[in-house]
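In what follows, chain A forms one complex with chain B and a second complex with chain C.
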Partner chain A sequence: MDDRDLQYQKYKAILENYLEEQSEQTLYKGQQFSRKMIEQKISPEEAVSLHVSVLEELFPDIPEPLKNSYDFLLEMMIGYGFAYREHQSLRSRQQQLESEIEIAANMQQTLLAGDKPEVPNLDIGAISKPAQKMSGDYYHFVQDENDCVSVAIADVIGKGIPAALCMSMIKYTMDSAPEQRMQPGAVLENLNRVVEQNVDPNMFITMFYGLYDPRVHSFYYAGAGHEPGFFYDAEKDEFEELFTKGLVLGVSKKTSYQEYQRVLNGNDMVIMLSDGVTECRSTNGFIERDEIVALIRKYIHLSAQEIVEEVYRELERLQEFELRDDFTLVILRREV
Partner chain B sequence: MNLQIKQEDHENTHHLHIGGEIDAYTAPQLREALLPLTGKEGHETLVHLGDVNYMDSTGLGVFVGALKSSKEHGSSLKLTGMTSRVQRLFEITGLDEVIDIEDVKGGSK
Partner chain C sequence: MNIQSCVEVRNEWDIVKARQSGRNIAKELGFGTVDQARITTAISELARNIYLYAGSGEVAIERVENGGKFGLKIEASDSGPGIKDIRKVMEDGFTTSGGLGAGLPGVKRLMDEFTIDSKENEGTVITSIKWLR
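Let's look at the complex of A and B:
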């Protein structure tokens, strides 16, 4: 007896049983049987056809109109059958896509692995956490032979895969123009040209780019519409906004970016963040920039890496451990 | 978390009154309402943002897209009545320099 016969016999037994006495127990058996049929990928029209053939065997004298009505029902079920098969194939495609996203997320991790450089007398802390599998935030350090460290922080609007692909574009553009690294304004202008030509009209990128030259203890920076960071003046024990004026990348072809400079004295800090940091919402509303400053101040006695980790932990708690946006925080501190 | 859009048309001038939250979930709804208007040559679209209490960068993206579309099709786009919180987003991103924003006092920048 093959599967089909077995199925036929089993269905026949259950149906006969039910026709004899309409018990809950038999109904339950029917439910279990239908679950098995779904597992075996039996389509709706096949199920109806099974029912009809069993019925014909049990009642050979079934009236002609009733018989015809089953043919009609069978025809009706074919549409459901299509929908069912489509559902099946979508499910397997979804599984395939999910595993591809998993692979892409791993590749992104490798690609963007933010190795923090080791620079004498510079304490660096950096953290970046995606809200979903793929992050739209990006940070990247480059250290040159003079121990100059450049740091880029970018936030691609839109999340997920398009944002992640966009970031690879930024990374390769930056890697391909090493001679520009010392001029933050020029770096952004160059990136803007590339991004403007290559992104979807609804997309743009905000970016902050800075370069620390330890020989003169100076930080040179420029911003393209990015959430302003902070400068911590250790002597005055004060935080100020690290303001930059500049249009986001990808909106207008001809855009120029103003360059700024700050001298870092001992223990001064430059704090850079993504707008996920100041746009996150706690249950009581928005987390304000002042609160971020207060959190940094609370942990200011720790190392830069410990500060960014503690700030992240507290914000995560405030948001009940559910990030709405990607989160990136980078701190540079000149050690005495 | 939702978005309300009310549209009023007076010949070639369209008013969109937006309320609620503009984020990744509601942005497509706004885009669908806005882009057909900016795609009409010679038409003027005014977007009233007074009742928007939250907007994230995805929302800004919709306006960037609308700006590009209005330039491409020769229509005009103006945003008006935004709260200071929303206005701050446009300022930080530098978009206030490229998008026509009417401030609360009534004058256009």
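Let's look at the complex of A and C:
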């Protein structure tokens, strides 16, 4: 007996059973059977055809009009079968796409994986979470032989795959001009040129670039339209905005970026973030920058890494675990 | 036995005619009711494409044999605008989401064999076979 016969016999047994007594138990069996049929990729028209052939065996004297009506039903079901098969094929294509994205996301993770450097007397915390599988945020640390640490935070306006592709370009550009690393303004000017030449005009990148020189305890920085960070003055116990003036990358060919400097005393902090942090949205609307400051203050007794993780955890919860934008938060703290 | 038919497609009635002759031939060749309905639906879709996009063309149906195996072959041809991007129309969800309804991938799945040949501004020929099991 082949599969088809077996199916026929099984269906016949269940149907006969049901015709004898209309019990819920038999209906349940029917449900189980239909699941099996779906697993075996039996299309709707085949299911109708199976029913009709069993019916014809059980009732050989089935009235002609009724028989014809089943032919009509079968014809109708072909359309459903059409849609059903398309659905199956789309589903398998979706799975394939998803696994491709998964691979790309892993590649991106390897590519962008910013190892946090170990610097004496500098406590570093960094966290970056994509809203979707791939991130349009980017952060990267570089440490040189003098223990100078440069940090870049960038955000491609837009999310997902296009933003991620663009991000890879930023990384390579940064890697290819190491001699500029000490001059934040020049770094941004170079990047601006590359972005302006290579990226679609309606894609923008904001960036914050800073360099900490532990020999003079100074932080030099410049920004290109990026969400302003904060500076924490430990002595005054006050947070200030790290204002920068400079156009978003890729808008204008010739732009210069002003460079700023801050001296870090013991326990002072530099806080850098992407707009995914400030654009967190709770049920009460956007989260104010004040609230971010309050959150950081709440965990200020912890290490820099613990602070960024706790802040992320709280904001994630406030948004009911649904990130609307890529989220990146980096903290540098001078230890005494 | 040499079963064949050719229906010219110019209006919606011709689609019905093509369906009818396809069903007759499928029945005669011994296809079961489900396969008859599938073949007819495939013919219907192909004829409808001709009517909608080429204006006119023809649907030829004939019995084919290959190493003792018998089948039914549909050949739908027109000299319409042709298909610019065949890969695109053979993608699932393309035609249906565009509201065209037909869906060549759907036809392909209803049948056993499917080939499409099209040139822009020259026309399209689609050949499809269903084998008797």
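Going forward, the second predicted complex is superposed on the first by the 243 of 336 C-alpha atoms of A that agree within 3 Å, B and C clash if a C-alpha of one lies under 4 Å from a C-alpha of the other, contacts with A are read in each partner's own complex, and residues count from 1 in each chain.
Going forward, a contact is a pair of C-beta atoms (placed from the backbone, for glycine too) under 8 Å apart; a residue touches a chain by one contact, two chains touch by 3 or more.
This one's a predicted model, so the numbers in the text were calculated from it and none came from an experiment.
Residue contacts after overlaying the shared chain place A:Glu306 against neither chain B nor chain C. Contacts of A:Glu45 after superposition: chain C is touched, whereas chain B is not reached. Judged by the touch definition given at the top, the superposed model places A:Glu86 against chain C, while chain B stays out of reach. In the superposition on chain A, contact of A:Glu57 is made with neither chain B nor chain C.
Of the two partner chains, chain B is the only one that A:Lys245 touches; chain C does not reach it. Within the superposed three-chain model, A:Glu102 lies out of touch with both chain B and chain C [touch as defined at top].
Of the two partner chains, neither chain B nor chain C is touched by A:Asp115.
Touching more residues of chain A than its counterpart among chain B and chain C is B.
Of the two partner chains, neither chain B nor chain C is touched by A:Glu288. By the document's definition of touching, neither partner reaches A:Asp237: not chain B, not chain C.
Comparing which residues of chain A touch chain B with which touch chain C, the overlap is empty. On the side of chain A, the complex with chain B involves touching residues 155, 157-159, 201-204, 206, 224-228, 245-248, 250-252, 275, 279, 325. Within the complex formed with chain A, the chain B residues making contact are 24, 31, 56-58, 60-62, 64-65, 67-69, 92-95, 97-98.
Contact residues of chain A toward chain C in the complex are 45-46, 49, 52, 71, 74-75, 78-79, 81-82, 85-86, 89-90, 93. Those residues of chain C lying in contact with chain A across their complex are 32-34, 37-38, 40-41, 92-93, 96, 103, 105-106, 109-110.
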